[in-house]
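Only one structure is covered here, and it is reproduced in the block below.
Going in written order, the chains are labelled A, B, C and D, and every chain counts its residues from 1.
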Amino acid sequence: MRFFSDNAAAVCPEVFAALAKVNTLDTAYDGDRWSAALDDRFSALFETDVRALWVTTGTAANALALAALCPPYGGVICHREAHINNDEAGAPEFYTHGAKLLLGQGDGAKLAPETVKTIVAGIRKDVHQVQPHALSITNATEYGCVYTPDEVAALGRVARAHGLGLHMDGARFANAVAHLGCTPADLTWRAGVDVLSFGFVKNGGLSAEALVFFRPDLAEATRVRRKRAGHLLSKGRYLAAQILAMLDDDLWLRNARAANAGARLLAEAAGDRLVYPVEANEVFLRVSAQEAASLRALGFDFYDWGVGEARLVTSWDQSEADIRPLAEAIAAL
Amino acid sequence: MRFFSDNAAAVCPEVFAALAKVNTLDTAYDGDRWSAALDDRFSALFETDVRALWVTTGTAANALALAALCPPYGGVICHREAHINNDEAGAPEFYTHGAKLLLGQGDGAKLAPETVKTIVAGIRKDVHQVQPHALSITNATEYGCVYTPDEVAALGRVARAHGLGLHMDGARFANAVAHLGCTPADLTWRAGVDVLSFGFVKNGGLSAEALVFFRPDLAEATRVRRKRAGHLLSKGRYLAAQILAMLDDDLWLRNARAANAGARLLAEAAGDRLVYPVEANEVFLRVSAQEAASLRALGFDFYDWGVGEARLVTSWDQSEADIRPLAEAIAAL
Amino acid sequence: MRFFSDNAAAVCPEVFAALAKVNTLDTAYDGDRWSAALDDRFSALFETDVRALWVTTGTAANALALAALCPPYGGVICHREAHINNDEAGAPEFYTHGAKLLLGQGDGAKLAPETVKTIVAGIRKDVHQVQPHALSITNATEYGCVYTPDEVAALGRVARAHGLGLHMDGARFANAVAHLGCTPADLTWRAGVDVLSFGFVKNGGLSAEALVFFRPDLAEATRVRRKRAGHLLSKGRYLAAQILAMLDDDLWLRNARAANAGARLLAEAAGDRLVYPVEANEVFLRVSAQEAASLRALGFDFYDWGVGEARLVTSWDQSEADIRPLAEAIAAL
Amino acid sequence: MRFFSDNAAAVCPEVFAALAKVNTLDTAYDGDRWSAALDDRFSALFETDVRALWVTTGTAANALALAALCPPYGGVICHREAHINNDEAGAPEFYTHGAKLLLGQGDGAKLAPETVKTIVAGIRKDVHQVQPHALSITNATEYGCVYTPDEVAALGRVARAHGLGLHMDGARFANAVAHLGCTPADLTWRAGVDVLSFGFVKNGGLSAEALVFFRPDLAEATRVRRKRAGHLLSKGRYLAAQILAMLDDDLWLRNARAANAGARLLAEAAGDRLVYPVEANEVFLRVSAQEAASLRALGFDFYDWGVGEARLVTSWDQSEADIRPLAEAIAAL
């Protein structure tokens, strides 16, 4: 059984079925009715007027969001461990035309309001230093930790106070919402978020993520940037259909709950081996090289994380029966 | 019946079936075995050692190709009517970081070797003028005209003589090969092409194009640029599978032949209304506004092209029975 | 005697003297009192509230101006023969991060309002085509022709109607004003110009041009871009001093009048050999290769311009005595 | 007396005289004989074949150097306190088109070889993480500390081992050489440096720095980039002349020795208040707010540096008599 990444999981059947349903001649690019429906569907979900664009990857979503919030000569405050800093090959720098990521620290890849304030305070207000224009947080974080609505709101206030746009990388937004039981609105715009990268691919989709703008004015230039980046697929209806299928009957939440439940099962078995609280679908475990090898010998695959740690990621399609053997193996270490 | 664009057509069943076949947990990004198979499959097709990367759009394929051939401070010679100049929202400029398109003219959106030589000769060899580093041609062109292997080779010789990399935008490469009956090798690297954007989406695919490097050294940096542009999909196997399905049993050629046949049917009906020779799946027709309206009144949809012209594009999935009514209507104008 | 370029001329004595006057310890960058005085001095000259920044080259001034007016994904309408298109090595594309120059034609490198309208009308209002955001004109043009205040105003109206910012490349603005006898205000903001590159180097300066913003809001980000481009010299007072010296007692106008007078002398001698009306300090002459050679044999140096033409440029420091021999030689051809 | 910055100092008389000497009509841009002489003069100084270009600022020199060594998708390892990271407004990101600065730490803004190795080792060799392509060090550093030839050579070996180009920001290179008493060659190419930003402006120049390429192949594209960045001044001879004057009779070294001597005078007075060893012309001092105020009350101006520290910078034109009063005031604190 593989616990490398939710990226590796299969596509869920409802999404697949949705592809078949749109497989007829229709208007190209995003001129089809499914693409056109996204604004309304996400506006309903978020209880406010939003603009929603499909893109194929979280990297593209994040980079487009940052380009909408930060000029080429500006800076984006984020966590040192943020995906935008560590795992996107410089996509933010490419899309923003060279904006600088201004890095902070914090446990579980979470940024505290004080950390953001300190970064801002450390920058002279002159033309020699790159001035911050945006703040980007990941929810759930790269370490499977979750910001609560209150925590986001506290960051949102700092952002507003310093004129920073607020972006949320929600590659695992569904897992965060599923964990918190809050509304999507409470975790985003009501807490000050301007743009959300809303991930679906890790959660059962095939190739569609949504970029959700809570400030509709930011969306128009982004439509142009999306095309300019080669991300306006000519058969866009196959992307829109995936997202709509994920929204139908809260499939996105059900899938995230399933993945989270799997992680909790592992967390319970792991006890004080846990490096971070398990709040989404990622489990970071303290294990010796020998212990890791013994788990692998039993057929469980996962990534080592630095020295002495392992990362286990559960997916929407892993049942309790799939996961329990690993939980037992961990408990038995 | 709609003749707007082959982009609007449905996805062909073999491609759809291929998606289902890869729908299991596998390695993320392009680490799966289908993605890994592309180099060999395209090497076999092109009878030489190539590197092949999937991307989701022709715009991304073209822009990545140009970035591989031209530095930020260089220029790319292309036709004024080239898709890269007119319909990609500045993607070449984005990916190359500001290279300049140096525009030439020619009937049917084809560039003649003399035109390229004239452009090169008109540029002073100093640091004040942007020096050309690449030549980009489209085959079949934006007007459905085809460069023969000899014509490409003549351009290839000019390119080599001036140190220009040669890119072929093959959004409708299949239609060109189907028309010419030549080998893919003769139309590309044997004629001096360095990189080919090999289109599949217009030809029955869903979201996968191939970027084929005949100079393998150019591919490595492009893999990085693809990721940096947010084009490395996490579930890449669903892209690779589409392409492999198109290559199986020459589906790409069969689909292109079908589309070309439809266009020929219209061309025969059009007679001297034709603006360009019909060599692929596009038909440009001289029609008055009244005539265009009368065709539309019969249920045929298409784009006006400037004043007094109409563009009709046929697709892989339009049968003779689908097209004959339009042919008859044109003949009856 | 050399008539290659006004760029090659010496620095005028008043400018030199000004350098000596600021040669004491003072605040670095643009924190000195001379740099600080530019806003007021140019506001007085232009009879309105402006922001003025020194830069070292016309290329930097133009590129910064365009970056202020046009986003990376936008387009700038200009003449095919514009310096920004032909002689700045892609600086506009670099500073704007890849905006596209949209080229028009017109005699003497002048753009007519109709030409601009035609370019705008030819661009579909969708995300596939690069949308124009700015219009850039050169006054005096690259061929020594001058736009009158009325002509600029007509272009200004077209720009406003289509939401385009209006930039004037005034590398030879002084020559244009000297020729027209109008106020600087009438030729710029009163006619709709948003930003002016006001050249001093060709006109007797050493290394200082002024970038004048008639929309003060555009200046702030430009101050940052200037630093980011490495154009914020640490001893900025030596740039400011040059400009202030040029403004004192209308030195800029006196120098331009001198250069224009030299060109008129040549123009009178040239008669119907003139390719363009001589309205600034450039003279384009129809001469055979033999005639050009005979002039050179007499000790006159200049550039050939294409086949059968020569370009002669006069400078602020060439007296009638310097120029008359060439005028006589031309008359004697 | 002001000790803010050597940037604020006046221009030295020899440099001024050199400007006057070239003040005649000559070839524009860098076609003049003074600009042409730079390659030979620097080749002689560095005892090897180099290419040398003038630019107006250290920021431009650094950013052009990094663009020559690092592709847009690469990374540049440097110290967290490096000028390129902290005080150039993102110029490296602009010129490289978005390369990422990969930051290390170390006392006195010096990087140790182990630090560089650790940074390299922490980066996965895949397309998701930005790969390092260059290493940039500052000598003397931003804190007035000096790398010896051996220390540079140790970094040079690490750079070579990992395929990194090596850039030296030598805004105060003269001060470093003056301190070390070594040859310029030993401190640069013999120790593995590929490109040097050789500063003259802080050391008595007006507006000319030299960019020295020890790998001549890197210079050609840089000449194009210099023009594209608007840094090819049309009257380039006034820049070349400044540099040549600084090289004549080792003026650059004499000026640096003078500035260093001033700093040593302060250092001796400061005793254990020194934060870093004083090896160039900068002195960082532990002083309370009260003490700083008392020094200012005596007429000495300088920057506070964080809390409880002050930065004093001495210049080429400050004599012992100028500096002794401050030294005495510090000793008397």
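Going forward, a residue touches a chain if its C-beta (ideal position, glycine included) is under 8 Å from a C-beta of that chain, and two chains touch if they have at least 3 such contacts.
Just so it is clear, the structure is predicted and the values come from calculations on it, not from any experiment.
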item: Any chain in contact with chain B as well as chain D; value: A, C
item: Interface with more contacting C-beta pairs, comparing B-C to A-B; value: A-B
item: Mean-CA-position distance for chain C and chain B (Å); value: 42
item: Geometric centre distance via CA averages, chain C-chain A, whole Å; value: 50
item: Rounded Å distance between chain A and chain B, as computed from the means of their C-alpha atoms; value: 34
item: Where chain C touches two or more other chains at once, by residue number; value: 72-73, 88-90, 94, 97, 127-128, 224, 227-228, 232
item: In the complex with chain B, residue positions of chain A that touch it; value: 2, 4-5, 7-11, 16, 19-20, 23-29, 55-64, 88-91, 94-95, 201-202, 206-207, 224, 227-235, 238-239, 315, 317
item: Residues on chain D engaged by chain A in the complex (per definition of touch); value: 72-73, 75, 86-90, 93-94, 96-101, 127-130
item: Parts of chain A lying in touch with chain C, wherever the complex brings them together; value: 71-73, 97, 127-128, 131, 221, 223-228, 232
